[in-house]
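Here's the structure, in structure tokens; my notes come after.
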Amino acid sequence: MLSFENVELYYDHVYALKGVSIELMEGETVALIGANGAGKSSILRAITGLRKIKSGRITYLGERLDGRPAADIVRSGIAMVPEGRRVFPLMSVKDNLLMGAFTRTDKAGIDQTLESVLTRFPRLRERFNQQASTLSGGEQQMMVIGRALMAKPRLLLLDEPSLGIAPKLVQDIARAIVAISRDEGVSVLLVEQNSRMALSISNRTYALSTGQVVLSGPSADLMHDERIKAAYLGGEL
Amino acid sequence: ENPVLKIGFVGVTSGPAAAWGISNQRSMETRAAWLNELGGVTIGDTTYDVEIVPFDDQKDPKRAIAGMEKMAQDGVHYVVGPNVDDGAAAVRPVAEQNGIMYFPYAFPKELYTPPASNAILGMVANYQSGPAIYKHLMDNSGVKKVAFVAANESDPLSQRDGGVEAAKALGLEVVSDSVTYQVDTTDFTPVLLPVIQSAPDLLVLSGVSPANAPQLIRSARELGYTGLISTETAQDATVLTEGAGELANGFISVGGASTPELASDAMREFVDRYTKMFGEYNDESNTKVYALEYILETLKANPAAIDDVEAFKSTMDTFEAPNPFMVGDAKLTYVGSTSFGQKRQVSVPLVVNEFRDGKFETLFVAQVD
Amino acid sequence: MEQILANGLYLGAQYALIALGLTLIFSLMNVLNFAHGQMYVFGGFVTYTVVAQFGLPFIVGLLASAAVLAVMGGLIEKFLFRPVIRRSKREESTMLLAAGIAFFLDAVILLLFGEKQRGVPKIVNGVLNWDMRIIMPYDRILIGVLAITLIASFILFMQYSRTGRAMRALAQDRMAAQLMGVDVDRYSMIGFALGAMLAGLVGGLLVTITGINLGMGGPTSVKAFLMIMIGGAGVISGAIAGGFILGMMESVGLTLLAAYGDITYLVIFATLMVFLAIRPQGLMGKPWG
Amino acid sequence: MTAPILQIKGVTKRFGGLTANSDISFDVAPREILSVIGPNGAGKSTLFKQIAGFINPTVGEVLFKGDRISGLPPHKVARLGVVRTFQETTIFRSMTVRENVIVAHHLRSKASLLGFFFGSGQARADEADFARSADDIIDFLGLQSIRNEMASNLPQGHLRALGMAIGLATHPEVILLDEPFAGMNHDETMRMVALVRRLRDERGLTVLLVEHDMPAVMKISDRIVCINFGEKIAEGTPSEIQANPRVIEAYLGSEDAAIGM
Amino acid sequence: MTPVRLIGVGAYLLGVFALVPLFIAVTGRWDFYYTLTSVALLSVGAAGVWLTFYIGRINIGQGAYALVGGYVSAILVVKAGFSFWATLPLAGIACAIVSVVIGLPILRLRGVYFAMVTLVLTEVARLSALALPVTNGAKGITSIPLPGELAVFGLTIIPDFATLANPKLAFYLMAAALMVVTYFVLWRIVNSRLGHLCRSLQQNEELASSIGVNTAMLRVLAYSISSFFGGIAGAVFVAISQSIYPSSFVVTDSVNFMLYCFLGGLGYVFGPMLGTLLLYFGWDLLSIAKQYQLLIYSGSMIALMLLLPNGILSLLDKKENRQ
């Protein structure tokens, strides 16, 4: 469904991705793990066109993605939850969610999706008309996931949804991700520092280090891989 | 090909206050082109083509100094401008050091009273026209109470103070003299409300710019004011028509000699040529046509003055020439002894106009001494 | 008293409309548009040209002002602000650009329309005189009502239309808006055009009352800055509040302080500085970071 | 227990109608590592800001070595030895890592500003001193490789480390770390945990931290304070806290193997 | 100081104090003296603005301080009989004091708020000058004598300007000396710890205060130095024009000071000097364009901004990067 072939990406003169190749199948949940600055977010930015890649190809459903403007890419069914949430702070929850459906024009369809998002995250229904900046961090995180779902994406990109979130809420979010992928058949590309969680809820995982893929495979296998254990999971919880 | 006589202009021709300098510069250029077309100006044995050297000071006194320096550099000894008080004061040291006579359109008396000697007031000052107007209105319209409004800027405020003084000296009751407005005001109703409530017979718009005049008139009338309105500055009839329409009827202002009763053929031709050159005439130029004329005529009277302003100064005391822009036997002379203790003012006719249906009509004519 | 309120309300309506355009542009691109006043003047001259020179009805002039300014705003955004913002290290650099544009428009206006004060005939005659308690010419009432209608429709547009929502989103988080599929370049341009259009509309409206001249630009910008400072920069409700507050302050100040001479504006400025010292982000602004 | 170095006494903070902290009290012993945990928006950062003098408590006070520090401006609190790092990554963006740390030595300058202006001997001595100390801190935190990188180019994890380096440069006695491990993976987190312990052991610092990374918190803390809706709901050792039903209910949640937590 | 830098400074001083007068004597363009005097003085004011930029504040209020400085000097000379030379530092100090009083509350503002408040401040200064009795209101103060003799222990250091054959040269040398000193001070500030602290303030005030920087004090300090420069520039202008009016320094001047800084480049100590030179001279040179002067002037300003959005001196950066 989505594939990276030898993608290179630079910020000014510093490379962030150095020949990355990854793949994601329809319906799959793929996790990207890796140290700080490994280039995980950069992969997501490259997909959504927020950053231009220097070389390589990104294809999505057989079509070339790189070089197209962000708005265009979003329209083709890719939604992203960016690092650090990025809510529209002065808008109501409702308007935030509706922004998610910005590329859609089918009024009835939007209403239907809205309903399903609110059913999935009942807290958002309670806060429907509240200004987003007054939500708690966890609520905001749910809202931005909901906002991404409003686009009815086929591919959902999540950048560290657990960052700065209380453990209990992280659990809720993790469950929501599993449910979304299961119920709606959305493919998910998940960037996480919480590697244990990432490995548990994904089908396959890529581990990155300094802009390169160093390990990849089915998550269930990697969970027991000694290298992964040592580097990302630590001994015990 | 004639040698060239350079006459300078230092004033504001760009930015918000552009209107003040532009009518000045254009009237000079119109007259210069006209004279050159006639073969030039003969001073002594030489016939010169007149060239106007303009400098835009952006209404900044610091720039005005630079302009005056440039004039000195170019060997220009006669300069028209600047248009405002601060500029006129700032260029004084340069003018005096470099032997330049200049004709500001600014009223501070220090510029014209000794020891200052190089500035010549290019028009009638408000403290001269004011009393004449008030006197006329006292005698003919029974005015007893006057109110003054002015913009909150140097020039209008000092004009207001001069006007108030003059009115009091005439025995008029000044019912309001503290109301001011910002030049950028878009609604004068709140400004004028307290003034109108003081129930004057005459409302004086001190130093009002042509831009503000129609709005002030309109607001005053709309507030139900029925008395007289006057100003001591020159106005433009088109602007008044467009901005206030018939509400401006009866508005009294000071102008040059272009009302039908006074204008000579030369004046009409001047207006004509100006209009041809620049597309549209500006009635403010009626007063601004004179400075260049004075310079050239004085030089004709004493050719030695062409690069010696001391010679110019000594000629001024006795200088007299016919006024080409006015019917009858009006004269160009230097005046100002009463106001400044020396002749440092051009004697333009003090023509007091009344606006009526899109045109100015002469109310009365006076002379300043 | 009633008169003061009525004056304040009328002034406030026109001020608010001016401030709206400025604050919209500011919120979208973080640009303090020094040329806002010049755009307003340009709008006034367009209406003047259409109405007084071509003799077409006032409404045509108004629409022409709106259209011309919208196009001008769009072009300025696309060819001037966008490249500069993209390449400059400090966002304040746009101030030089904005000031340059202000000078440029001043020059263009002088060359195109001349230095004179211009005006168009009154659109309605007559004066409302309610018992000497409120005196208000009908044309002023009409313009006031039009201004308020415009403000209301602008708010509705921003609140409920898809474009409005996109612009609000853009103002709050550019990157997130991009991820929602908002074409940020296009909407920045639309926003700038809309802001410029509002300036032009006010110019067109007021030309019937105050006339228009070259000199009105700079001071108008300064006043508009005041309003958005009072209300909070980049916040639409703040701009409206700021406009009405300044209108009221002027109206009240000019009446109450008339006796003390030239101090109304001094007092307004001083009050504003004290107010901002206490509340640095204005009435409704987000704290500045 | 020795005399507490920091005492939080009945601190209440209201923002308009919202009560972010409500009557919170606890003591911190010298050389202790104490974590403050709690759900998002519970008021943890707000509490830290009050300790460091960035905002003033509505009611209550904070004592440092028995002296009241609440109400003092932040630079005075810092001067006394209580320094915070920020939840958001807060650094001087257009300076290099090293410059960041050098500038942060401000408190230790002996020369006056005028001395620096004229380049007095003391000033030069100070500069040299700062540079040395900055390099020490950079080495200590393992940031050698990015010493001369522009701070704005750093990834999240390094930014956090740099934030801590800036805090350390002031030579505080008490350092308040707001989510220092956010955005770090397990490996890095554990390295940082070790570093923080070394700070305490080698430099004698007292550390307060806010963190959502429970494995790290449990590992590092001597004691934990849990806040919920602005109120302190529990205080105790990691094992006490982990078993506290109120904390589990409000914050930790119960384990779920399906999602690996 | 490295030898290269020493040579640079030497060349600069030589240029300012020897080559310029020589050039003028040779070409006979005496009017350049005033132009260059203005450039020097305006760049002193702009240096102040630049310093406020350096602590992260957009200052559009320098005109206010130039006006205050001008009035302080004028009033002291005319009404209290002070020597101009005594009023010069006093004007600066008076401005510094005023700026402390004003700065304490308004320096808490940031971004556009600070910018706009300072813009308003310029208007406040003008309106106050109109309203206060001591300033002589709208009539201004005129006929101010030229700077007199400056003598120390009977030794004449600077002769009475009125007795000079060429006061223009004297004013130029004075302004140039002020400019050199100002920029030396600025350069020292930026390259000493004070400058690092200012930069820390520019980049993040909260963090700066958490490392123990007394941010409020530092801001006020920088602002008062800035205003000091403004006041001095204003005072010298008044001495040249021998007059001052409330409109001598207005909003346009404040905006110009800011533009000089932008054009030269906010990241470079000597940016404002270059910016002033270009913009001021540019206007004069363009006077040949007659009615298109402003059009071309503003057009080139826009073009420059498009080409070099980080100021002219950012050209230097590019070169370094390429090497």
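Letters are used for the chains, namely A, B, C, D and E, taken in the order the chains are written, and counting of residues starts over at 1 for each.
Keep in mind that, in the parts below, a residue touches a chain if its C-beta (ideal position, glycine included) is under 8 Å from a C-beta of that chain, and two chains touch if they have at least 3 such contacts.
Quantities reported herein were computed from a predicted structural model and do not represent experimental measurements.
Shared contacts of subunit A and subunit C, meaning chains that touch the two of them, come down to nothing at all.
Each step here moves to a touching chain, and the least such steps from subunit B to subunit D number 2. Seen from the Cα centre of subunit E, the chain whose own Cα centre is farthest off is A.
The interface with the greater number of C-beta contacts, when B-C is set against B-E, is B-C. Averaged C-alpha coordinates put the centre of subunit C at 46 Å from the centre of subunit D. The geometric centre of subunit D is 43 Å away from that of subunit E, both derived from CA atoms.
Subunit A and subunit D have Cα centroids lying 30 Å from one another.
Residue positions 14-15, 152, 157 of subunit B each touch two or more of the other chains. Within subunit C, residues 106-107, 110, 218, 222, 261-262, 265 each touch two or more of the remaining chains. All chain pairs in contact, by the document's touch criterion: A-C, A-D, B-C, B-E, C-E, D-E.
Interface of subunit D with subunit E (complex): residues 52, 54, 73-75, 78-79, 83-86, 90-95, 99, 102-104, 106-107, 109, 111, 113, 116-119, 123, 126-127, 166-167, 169-170.
Those residues of subunit E that touch subunit D in the shared complex are 188-189, 192-194, 196-197, 199-200, 203-204, 206-207, 209-216, 221. Per the touch definition, subunit E reaches subunit C in the complex via residues 53, 58, 102, 105-106, 108-113, 115-117, 119-121, 123-124, 127-128, 130-131, 251-252, 255, 258-259, 262-263, 266-267, 291-292, 294-295, 297-299, 301-302, 305-306, 309-311. Subunit A makes touch with subunit D in their complex at residues 11-12, 14, 33-37, 136-139, 160, 163-171, 174-175, 178, 193-201, 230-234, 237. Listed in rising order, the residues of subunit B touching subunit E in the complex are 13-15, 54-56, 58, 60-63, 65-66, 69-70, 72-73, 84-86, 89-94, 97, 108, 110-111, 116, 152-158, 161.
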